[in-house]
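Following are the structures in question.
The following pair of complexes shares a single chain, chain A, combined with chain B in the former and chain C in the latter.
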Partner chain A sequence: MKTSSYKLYFFLIPALVYQLIFGIYPLIYNLILSLKDVNLITYMGGTSQWIGLSNYVQTLKDTVFQRTFFNTLVFTGLSLSFQFIIGFLLALLFNHSFPLKGLLQSLIMVPWILPIIVSGFFFRWFFSDQGMVNGFLLSWGLIDKPIPWITSQILPLFSLIVANIWLGIPFSFVLLYTGLRAIPLELFESADIDGTNWWQKILFITVPLLKPVIITTLTLGCIFTVKVFDLVWIITKGGPGEVSHLLSTLSYSLAFNKFHFGKASSVLVIMLCLVIGLTVLLNSIRAEEESSIG
Partner chain B sequence: MNLVKNLRKYFRRRFRVIVKKEEYFMKCFMKWSLSMILIVAMVLVVISIGFTQEKVTITVQDYFRPGEDSYKCVEEVAVEFKKNHPDVEVNQTYIPFAQLLPTMLQESLTKTLPDILMADNPWLPQLIKAGTLKDITDKVKEWGWKNWEDFFKGYREITSSEGKIYAFQYTTNNLALFYRESLLDKAGIANPPETWQELKEDCKKIREVLDIYGFAFDAEASEEGSWQFFPFLWSNGGSLLELDQPEAIEALQFLTDMVKEGYVPRDIVNINGQGDLTKWFINGEVAFMVNGNWEFGWQLTEDVMQRLGDVNVAPIPVREKGMRTMVPFGGECFGISSNIDPVKYDLAWEFLKLLVSSDSILRLNVNGLGGLPTRASAAEKISVEELPFLKIFLEQSQYALPRPLMGGIDKYPEVSSTVWVAVQKALTGIATPEEAFKEAARTIQGLFSPEDYEKYKQLARKLLQEASGK
Partner chain C sequence: MGKKRRAKEWKWTLIALIPTVIIILPLYFTAIGGFQTGVEIFHRPPYWFPPHHSLEFYIDAWVTLLPYLKNSLILALGNLALTLGVALPSAFALAKFRLKLGKSTFFILAFTQMLPATAVIIPLFLIFNNLKLINNYLSVILGIAVFSIPFATIILRAYIQCIPTGLIEAAFIDGASLFRVFWSIIIPLSSPAIATVGILTFIGAWGDFIVSLTFLKDQTMQPMGIGLYYFIGRYGVVWNKLMAGSMIYAVPPLIVALLAGKSIVTGLTAGAFKE
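Our next item is the complex of A and B:
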């Protein structure tokens, strides 16, 4: 073509500038913050010193951080697994038609539509000592003292996981359901003729054909789940006694409760590495899949 | 011949297509560059509007919402100020309280701090050390020391450092025990408890007769949770910098026992602000709560008090009769930012003087905030007959303690967060009070150099002694 190609690049400038200002610059600024000794005083006075990797060393040695890192892995792993399984089962169910299907499908979307503040406050009450779960168990005489769902050492993390599973089901459901609808019915009909039963159909037809959708769902779900902040902050603020922190809430607490901006940034950089690591892992599985199909 | 004609037609068509593509491309490029120019021009216009200010303006940044009484009080001060300075504008900017500190952080980086800024008192030592506030000692000297000394001791201490003055605290609040008389009557309790043992016994009666939690306080993972522990700690002679001492552990043990016995709900570790306690209190779900006088301007308004009809206030119980209830004070301050235009400095000081005059402080607190004045001349004008519930808070405000000076001055936020983590661990049974506080004491001591630690430890002890009147 006679059209000069350099003019094409002008069309990229707005998007590029936007990405640089709102995406790349904060990232680099964060990295720089994590390599300096920044607290409220040095930040406002503009006198922070470079201390290299000292923030990272202190962060990695901190027992609260180690527990938080472990919490994040458990939180992400369990949330994703159950969100995926329940979303998948619901997608399989909704693949058939039955009365009230439309209504029920919209009800599944409710966790996604509700503002996170509403869901957060709901679950905080739901799991509290005077909340719905304990009220139910007490009135049926199954327990005689309220169970500390969010006021003890081990349970809060799992209560948060339950809340997050409920929140994440619509996302998995939508992606998997859409992928499921794309599978041609003839495959299932011919499988019926061959005399397969329902779990063979799922295992040998549905799952292989859905693999790209499954990997996408898991990748996106992973990225969103590692970053979960509002749910945890509204319900427990990472407590009691810092037992239910995730990397995101720990970083916030370091920054705005203790004003350790340098340490908070180092936690965020580690979180970023975790997300990148998981995404690369999942992408490599997808690449294997695509190369084996092609 | 046909061949040539066809070839010519073929190439002409292609050329026309290429020209059309070029035309189309040029059209797109023209449209794009035109819209870019428009956008850039709009942005420039908006920016330039920000720069066109001919009049001298004093900017005041606070959390008073436009339309509220507190906002109007500052406007009245501005009107009075303009009488002597008719060509100066005063601009009030509203920032919600939770955003106040992050906004100041932002502004200090871009050197766009307002002329007069508001800060919560625990932030002051750090703001002073960061050089955010201007040293106004000379101006105060000109004004007259009696004006400075009219402020109660604690509020002078928090707004000054090493003999230099940086700000004025204009409002204050502190904590006391709120109780519902009707619930106490039903449980057969004649008077509010004065000691920890009495509080425990009262809660036991309330549990037996009414089957509700007797007592609630704030133990969430924030400053609101942390500071509610301080009355129990300080009244018992404990110190934030010496949490491994028996006085501190006793205080935590008492509260932990109250939770264990079922007199205090464990949910206090997850509430969202002291306001949640008031909600339980109004609903009759607890009989006693620890809360502050701002509630009278917020949830315990006149009509609510009339509807309930049985709300009363008593000092927070102490371990033994004869001990004095020691409370921390809250409240915000006004100061002048250090990057103020030197030309505007005198004007800003004139405005600040009016803003923290005795009358202005009285008006702000009585009309606006449900708060207490920080100046003796304003405090004595408060009629205790009209506002009987403020009596205890008013008395306590004269010897209430400044939190940062009791906890390592500029490292106070870290000390405070270490305390609330330890308190939460003990209340929920993750650790015993002794374990939790021994660990916390180690962490806190590790924040300071040995000389600083000794210095701050002695300062805290001195302040506690002076205030408890021993």
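Our next item is the complex of A and C:
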């Protein structure tokens, strides 16, 4: 509808102004901080100086940052692959009709509905040295002494990935399941008549028809996983030492444990570039898909 | 339907039961963790069924967490009011009118929704600190809303788009004001969407971690989720009470999700598909 009434702007403006003040302005502020030597002393005294790209240079040279960057890539890659595969298999399974389906389907949503704080504390207990995993493995005689799931050098990252896969299953499941429901059953029935097997059906009918949904699931999942904070901060806080940081937890730790606000901001800007890059990629892939369909 | 077909369908139920049980095991172990004593929780092998059914630790955890409940409610309801108050009018303007700023508003909303929370909350801490807003409920409500407003606006907009434009035009011809149309047509007709968005916004704010953790240093103002840290003392974690407390804290979202059922899933996925 076309109305030129200026009164309409009273309706539109609230959300726009709100997001500009509380969403966009902090980003600009952040960019400025990343170019200054802001730490606790200079922040309190208001004496911070412009130092150009020095924060970025220091950050990129920092071995903790390099490890964190690598962690973030591994975390995102592994989480996403497993979430996708498990979600896809579940979606195929639930595409059949069977008794109690509705109930089981809502139970699968539990990891999504449960507050992350609760899931985080559970996994912290689950993986702790005296925790459940070690409890089972020791009493079954599979190991002699507890495995340091979240207290050693390499393992914590992988324990966090396991927890995050669990957390992300409902997301891939729901998106892929909704997509699957839209594929007409006749297509599979005619394939049955032609004598195709299960694998052929998945590869040549399901996957091509589901392609737009698969792309959405993977790219959105990627954006959500790159910026994970809560789960890691609750389970390991990026420790022990600094071995299990992701970009988000490293920047938080630089800001509030070390009060290196300038350096924290440079890490945030780098992470932002990653997220914005992925978002642009997502939109361009989707636009391409839409134009090829329409 | 023949008996054979029935039996075949139950076979699928059995197969689907296996992954479902594995997925809800963490919730189950958290629940039974709250029934075990500090010694039993480290029993080897871990108990599949709690040895007793005393509610002692649940009651202890409830008593400890009760003071935080008020804070959780203030933050979640305050955020809900702010979010709906800002999102509803904007969703209406975006859905039904072509405005010059419409496209850029939608872009800003979609963009800010994707932002990492840390990238907004860390600079916002410094900004709020200058404004003496730290240790103030308002700062947390404002901070959570940065993420709930885009989500609410985008979903409400999609819903309001489906309300027939003819209804609105007819009201204008009858001489109704813009505000009247919004209040007497749009809001009543979009009540199902408002309910879904309201529920999801409430659950989101109830489960907030980073905003409350960063902006509220005063223990008496913290919400329940942060209050759980009380059980992680300096000399070790009181696991059984932490698990009991976690269950208590998880009850409202679980119940709401159970009652709202399918509409919640539709709401959660709407953002992913519509644009």
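Basically, the second predicted complex is superposed on the first by the 264 of 294 C-alpha atoms of A that agree within 3 Å, B and C clash if a C-alpha of one lies under 4 Å from a C-alpha of the other, contacts with A are read in each partner's own complex, and residues count from 1 in each chain.
Going forward, contacts are C-beta pairs under 8 Å (C-beta built on N, C-alpha and C of every residue); 3 or more make two chains touch, one makes a residue touch a chain.
Only a predicted model underlies this, so the values are computations on that prediction, with no experimental measurement involved.
After superposition on chain A, the partners chain B and chain C are seen to clash.
In the superposition on chain A, A:Trp198 makes contact with neither chain B nor chain C.
Shared-chain residue A:Tyr43: touches chain B and chain C both. Within the superposed three-chain model, A:Pro148 lies in touch with chain B and out of touch with chain C [touch as defined at top].
In the superposition on chain A, A:Gln130 makes contact with both chain B and chain C. By the document's definition of touching, of the two partners only chain B reaches A:Lys237; chain C does not. Counted by residues of chain A touched, the larger count belongs to C, out of chain B and chain C. In the superposition on chain A, A:Lys7 makes contact with both chain B and chain C.
In the superposition on chain A, the residues of chain A touched by chain B in one structure and by chain C in the other are 1-3, 7, 10-11, 14, 43, 124, 130, 234, 256. Taken in their complex, chain C has these residues touching chain A: 9-13, 15-17, 19-20, 23-24, 26-27, 29-30, 33, 42-46, 85-87, 89-94, 96-99, 101-102, 104-105, 108-109, 111-112, 114-120, 122-127, 142-143, 145-146, 149-150, 153, 165, 168-169, 178, 182, 203, 206-207, 209-210, 213-214, 225, 228, 237, 239, 242-243, 246-247, 249-250, 253-254, 257-258, 261, 265, 268-269, 272-273. Every residue of chain A that touches chain B in the complex is listed here, in rising order: 1-3, 7, 10-11, 14, 40-46, 124, 128-130, 145-146, 148, 150-153, 234-243, 253, 256-260.
The residues of chain A lying in touch with chain C in their complex are 1-3, 5, 7-16, 18-20, 22-27, 29-30, 33, 43, 86, 90, 93-94, 96-101, 104, 106-119, 121-126, 130, 132, 135-136, 138-140, 166, 169, 174-175, 178, 216, 220, 223, 226-227, 229-230, 233-234, 248, 251-252, 255-256, 261, 264-265, 268, 271-272, 275, 279. Contacts from chain B toward chain A in the complex involve residues 18, 21-22, 25, 29, 32-33, 36, 101-102, 104-105, 108-109, 126-127, 129-132, 220-222, 262, 265-267, 269-270, 272, 285, 410, 413-414, 417, 421-422, 424-425, 427-431, 436.
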